[in-house]
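What follows are several structures.
Next, two complexes with chain A in common: one pairs it with chain B, the other with chain C.
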Partner chain A sequence: MAIGRRRRLARNGLYVAGLSPAAFLLALFFVGPALWALASSFTNRALVGIDAANPRFVGLDNYARLFGDPDFGRVILNSVIFVIGSAIIGQFVLGLALALLLDHAQRRGFLATNLVYASVLLAWVNPTIIAGFLWVAMFDFYNGSLNTGLHQLGLGPVDWLGKGPMLAVIIANIWRGTAFTMLIFLGALRTIPSDIYEAARVDGANAFRRFWDHTLPILRPIAALTLLSVTMATFGTFILIQTLTNGGPAFQTEVIALYAFHEAFQAHAVGYGSTIAVVMLALNLSFAIVFLRWSRARA
Partner chain B sequence: MDEIVRQLISRRRFLQVAVASGVVAACNPTSTGGGAPTQGASAPAGGTGGSAPASGGAVSGTITVSYPDEAGLKPKYVEQAAAAVKAQFSGADVKIDLQKIGDDDYYTKLLLALDSNDAPDVFHVGGSLIGELADASYIEPLDDYVSQWPDWSQYPDAVRSGVTYKDSVWAIPYGLDMRWLYYRKDDLQKAGLPADWQPANVQGILDAAAAVKAANEPNVLPYALYAGPAGSSGTADHAFVPLLWAYGGELQDKDGKWIGDSPATRKVMAYYQKAYDGLSPKEILTETKPWTAMREKLGNGQLALLFEGGWVYGGWASADKAATEKNVGYTLHPTESGGPSFTIGGPGTCWYISARSANKQGAWEFIKAFNTAEIVGKLNAEDPHPVARADAAKVPEFASSPYLVASTEALAKAKFTSPDPAYSKVIEAIQKATARVAAGELGPDDAAKRYTDDLTQALGADNVTSQ
Partner chain C sequence: MTALAAGGEQVAARTTAPPAPRRARRAGPIEWLLVHSVFLVVCAFFLIPFLWLLSAAFDERASAYIQWPAAPTIMNFVRIFTEHDFARVLANSVFVAVATMVLVVFAVSLAGYSLSRLDLRHKDWITYAVLLLQTMPISATMVPIYGLARQLGLRNSYLGLILIHAAIELPFLIWLMKGFFDSIPRHLEEAAWLDGRSRVRALFEIVLPLARPGLGIAAGLAFLSAWAEVLMVVILIDQDNLKTVPLAFYEAMRTQGGYTEVQYGVIAAMAVVYLLPVMVVFFGARRLMIRGLMSSTRGL
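Now for the complex of A and B:
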């Protein structure tokens, strides 16, 4: 037993050595803060007031407060709408569609392919805060491009962020994030040899059948991972929304990550903000388990 | 707890009375605010009596000074004060950290620095934060310093009590906050109202706004009433709180409990509903810093009515002094019944010393050098606030402005919010409540009930009451 273990260790030593820097960094920057947040969630730690000087252990008080918080249901619902709209329908489906079109265009050698590719990537290489301000410049009521354009046409200004705040932030996030899924799918599509499609074409399969019978099964494992990563990233995103609506009007775009930020850094209630973050982490973990099971079952 | 509450209440009442006698007297050239000899406008920085209460020795080492300024009015005075400290103490160096960001963002950054023991020696934030900063042990009490500072006698009792919490002085203000109901004379005249318009009561504001709307002037908004988190503290100080007082309500009861639902709260919510029914723009709820656009619009005539800080007048006047004096009118906030009008006051932005500063004496020398009568007078003339120290009102730049004299006199009619450490949380509940009505999610009565719930959530049931 001991010999077997030692031999296994010797065999895997190189892998362990190779992985340990990454494992150390992950532990330092992800596991550490997560554990810190978990510990904080059981305290009344604050950035101001007496609780800042003498934080106390409060047990499950923060969790009781959160689940009794009349706004929390609304926040969860907003998050679900935002994730489904911008991650699943928007980034995932649109990213896949763009990847298929670009792959097709590249295989055919269309000239404009690289231009389209670059323009999608441009949205992604911008820092989120810049992307946010670009959309503020678009949607802003008084000086935004959309209303300036409408004014040129003799039409009245529209309160884009007030009338359809969730749609506005979903559109902005789709624009920003689609490139990521597109890149992943494009990479996967490149691995599919052209002769598979040629053989299918010889067999008389139309475009839809070629996609359904050949492309989709090959993409499935990567699709599950992509879906997982965009869902989790979208669930945790808040900078774009903060820049555009800051959760408003009246909580209509307050998503869970933004709520955690507002409680921790605007209300200065770090303990309560950590509690929201811990619940967010638990929800993300459950997504991860579901997606990974799904991908393993189908792969 | 009861004792603290008693202190707060008596302190606030004291403040109101004292302001009437103290600061107004400051504007009267025949009267001085204090009995002690003044150091005069050109007193050297540091003074003679400002010896260190702790060390008593010369100041040396680096003093880190951090402050936010988006408007760009303060840097030259901060640098002047830093130069004065360096000239007086050859071993001292002053490192200035100017943050060109908004006050809210600066405060968050500062709190994180304070929390991680990485704070500057001196910093510059609102005086209303004294309670929550002192309770967190972030700031140094200044009693020993001011007791040896001759210039402290120039600070009227009202101003001193505005920066006093739990019997200690915690910060040094340079200019006080007060607010006006601003109106555009040109816009109101086009709507058939007189140029010297005065609202008969609170409803009078909405009536004037409705008249402006009916006049249908292109690109003129009738009224801006801050609401929601986007309005930041303006939602409380420039909208909800004065309205609550106008309707005879109070933020806290006699026992210091925060009042949620009450007849006055419901009236304020009903006022919000009427204002957001086509008079005040809904974009206030989603704009980033909506006050930027609203102040600009009032300044150029695209907004007719706005209750705002006295300091915003400076921006309009520096852009076009003649047009501002001709077109921008200002008046006190009316009450429901047309009773005595009032304004809302505050200690303004203050200098604090970090409790963990390694160079507290140096920090204090900087604060003294900044708060000379000369700098206080000149800065408040540019960034219009009533002066915190009485002798600064005699600085010619300040004394020659009718607007500043009127603002200083208005302080006699000012009510003050409490420096209670819970006030930030109350502001959050106010933001939620006003947003719900403004966005049309809840009616006035339901929003007032939810206000109680939100207060209870944030402060605990023991600290909240309904009437």
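Now for the complex of A and C:
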């Protein structure tokens, strides 16, 4: 028994050694920054000037400032609108609809199915900064493809990035992210054998009935998890919005990640920027814990 | 991370999805028309930006409007190499992405295997901790990473960039690889130990060759992620000779006096070159990459 335990320890020792390179990197770039942000959020650390060299401990001042900051209220509101518009309504609903459509079309043997599938996927795999660039061009007021197209339909030009910037970034993010939900639901739908639908049809069930009885039960368990992971991914959106609007005009698209960036790097208030980052991490952690609980409950 | 909380095993078990069983009940003409008109709208939405990109890249006088180039030319591609020093930028990017890939494959094969074989009572806690890290958006840790990197002297150094790029991909890939190693029976390596091989040799000679598909996914995703990642490059690199493609792209878009003066043709040519490796890696191993990417999506 004693020998067995010693051998087990010895063997685990090797495994712990095997984990160490990864653990070192994770500690340095995940845990380290989180702790650094937490520590800095209690200081007036700055990027330049006297406070850059000798940050002073300021207690909860940054948090008091943050929760009294009307800009921050606006930022949270923007983030919520962005997440609801682009993740929950856009990517989730559109992705689900596309998955149902493509699954149906594939069962029918329509050849164009693969083309549609690939085009949705293409928007998803390209680097974010290219997505930003493409939509800067699409939304261009004078020459953009969208306004030129509208003009040919006899409609006036729309100042996408000036008058409706939130709608514009939401459209761009839907374009970019819909493939993810679509793939998850397509994967689930493929597990339903066609025979079930055939049998239901023979029994006289209409399309709605077949969907309700056979499709929905397959989709429901993964829907919540998908929704939550889409929400988490969207909550952290930065590059796409920065290239399109950089938070503007007039703060209309300033989401939480951009606000932290601007406070730290443009207002040079690293302490305050870290405070925003801490709040963001806390929110994300709470999403993640809910996510893990749900996925464990499923397993 | 995703709904595929049990995805590692799934990937290991079947790297190719079974084809949907097809029974061609013929569709009526009305249904055909309806489905295809929706298809047309969807394709237009998702493809028009790319069609514009191609048209602009081959047009010296490209504008934001999608149009067939009056005189198709490759001058834009010539100019990015002659005027914008793009060859060096590309070489830098390839170096960073390949180095990241090598480091990631090394770290995740060790960590995934160890986590799979570790014999602890609360081992699942480690797995969940790794999953929690996976959900941390780097846009939230960007400010502290900048501060930390400055204090550690990791700014304007590829070492810092490569370490960070590797770290970003680790949580998900460790978890993915653990699934792969879980599906490889222990008795194979135990037999090798009895033959007198050391633990390390057994890992390299017996276990890793069996995990090759998983290592392929890990390598592909690490390369793609390092190739596409822009946030860390923007905050860590500001020397011209260290510039990588995403940074060159970022600067080309920002420094041209507002978006009205953007040289669309040149930037579009850069974008096409930037996209090529993504297309090759992704469509070269589409099934594998999709399975992998689906489980790794994160906000950028």
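Just so it is clear, the second predicted complex is superposed on the first by the 238 of 299 C-alpha atoms of A that agree within 3 Å, B and C clash if a C-alpha of one lies under 4 Å from a C-alpha of the other, contacts with A are read in each partner's own complex, and residues count from 1 in each chain.
The definition used in the following text is that a residue touches a chain if its C-beta (ideal position, glycine included) is under 8 Å from a C-beta of that chain, and two chains touch if they have at least 3 such contacts.
This structure is a prediction, so every number in the text was calculated from the model and none was measured.
Novice: When the two structures are overlaid on chain A, which partner does A:V48 contact: first (chain B), second (chain C), both, or neither?
Specialist: first
Novice: Figure out whether A:L292 sits in contact with chain B (first) or chain C (second), or with both, or with neither.
Specialist: A:L292 contacts chain C only, not chain B.
Novice: Name the contact category of A:V136: first (chain B only), second (chain C only), both, or neither.
Specialist: After superposing on A, A:V136 lies in contact with both chain B and chain C.
Novice: Tell me the contact category for A:T245 with respect to chain B and chain C: first, second, both or neither.
Specialist: Only chain B is touched by A:T245; chain C is not.
Novice: Just to be sure I read the superposition right, which of the two partners does A:R65 touch: chain B = first, chain C = second, or both, or neither?
Specialist: Once the two structures are laid over each other on A, A:R65 reaches chain B alone.
Novice: More residues of chain A in touch with chain C or with chain B?
Specialist: Of chain B and chain C, more residues of chain A lie in contact with C.
Novice: Can you give me the overlap between the chain B contact set and the chain C contact set on chain A?
Specialist: 136, 140, 142, 243, 265
Novice: For chain A, which residues are in contact with chain C within the complex?
Specialist: 8, 11-12, 14-19, 21-23, 25-26, 28-34, 36-37, 40, 45, 98, 101, 103-110, 112, 115-116, 119-130, 132-138, 140, 142-145, 148, 175, 177, 180, 183-184, 187, 190, 193-195, 198, 222, 225-226, 229, 232-240, 243, 257, 260-261, 264-265, 270, 273-274, 276-277, 280-281, 284-285, 287-289, 291-292, 295-296, 298-299
Novice: Mind listing the chain B positions that touch chain A in their complex?
Specialist: The contact residues of chain B facing chain A are 108, 111-112, 114-115, 129, 131-133, 135-138, 228-230, 281-283, 285-288, 293, 421-422, 424-425, 428, 432, 435-436, 438-439, 441, 450, 453, 457-458.
Novice: Mind listing the chain C positions that touch chain A in their complex?
Specialist: 1-6, 17-18, 20-25, 27, 31-32, 35-36, 38-39, 42-43, 45-50, 52-53, 56, 63-66, 106-108, 110-111, 113-115, 117-120, 128, 130-133, 135-148, 163-164, 166-168, 170-171, 174, 199, 224, 227-228, 230-231, 235, 246, 249-250, 253, 259-260, 262, 264, 267, 271, 274-275, 278, 282, 289-290, 293-294, 297-300
Novice: Sort out for me which residues of chain A touch chain B in the complex.
Specialist: Touching chain B: residues 46-53, 65, 68-71, 136, 140-142, 159, 161-162, 165, 243-252, 262, 265-268 of chain A.
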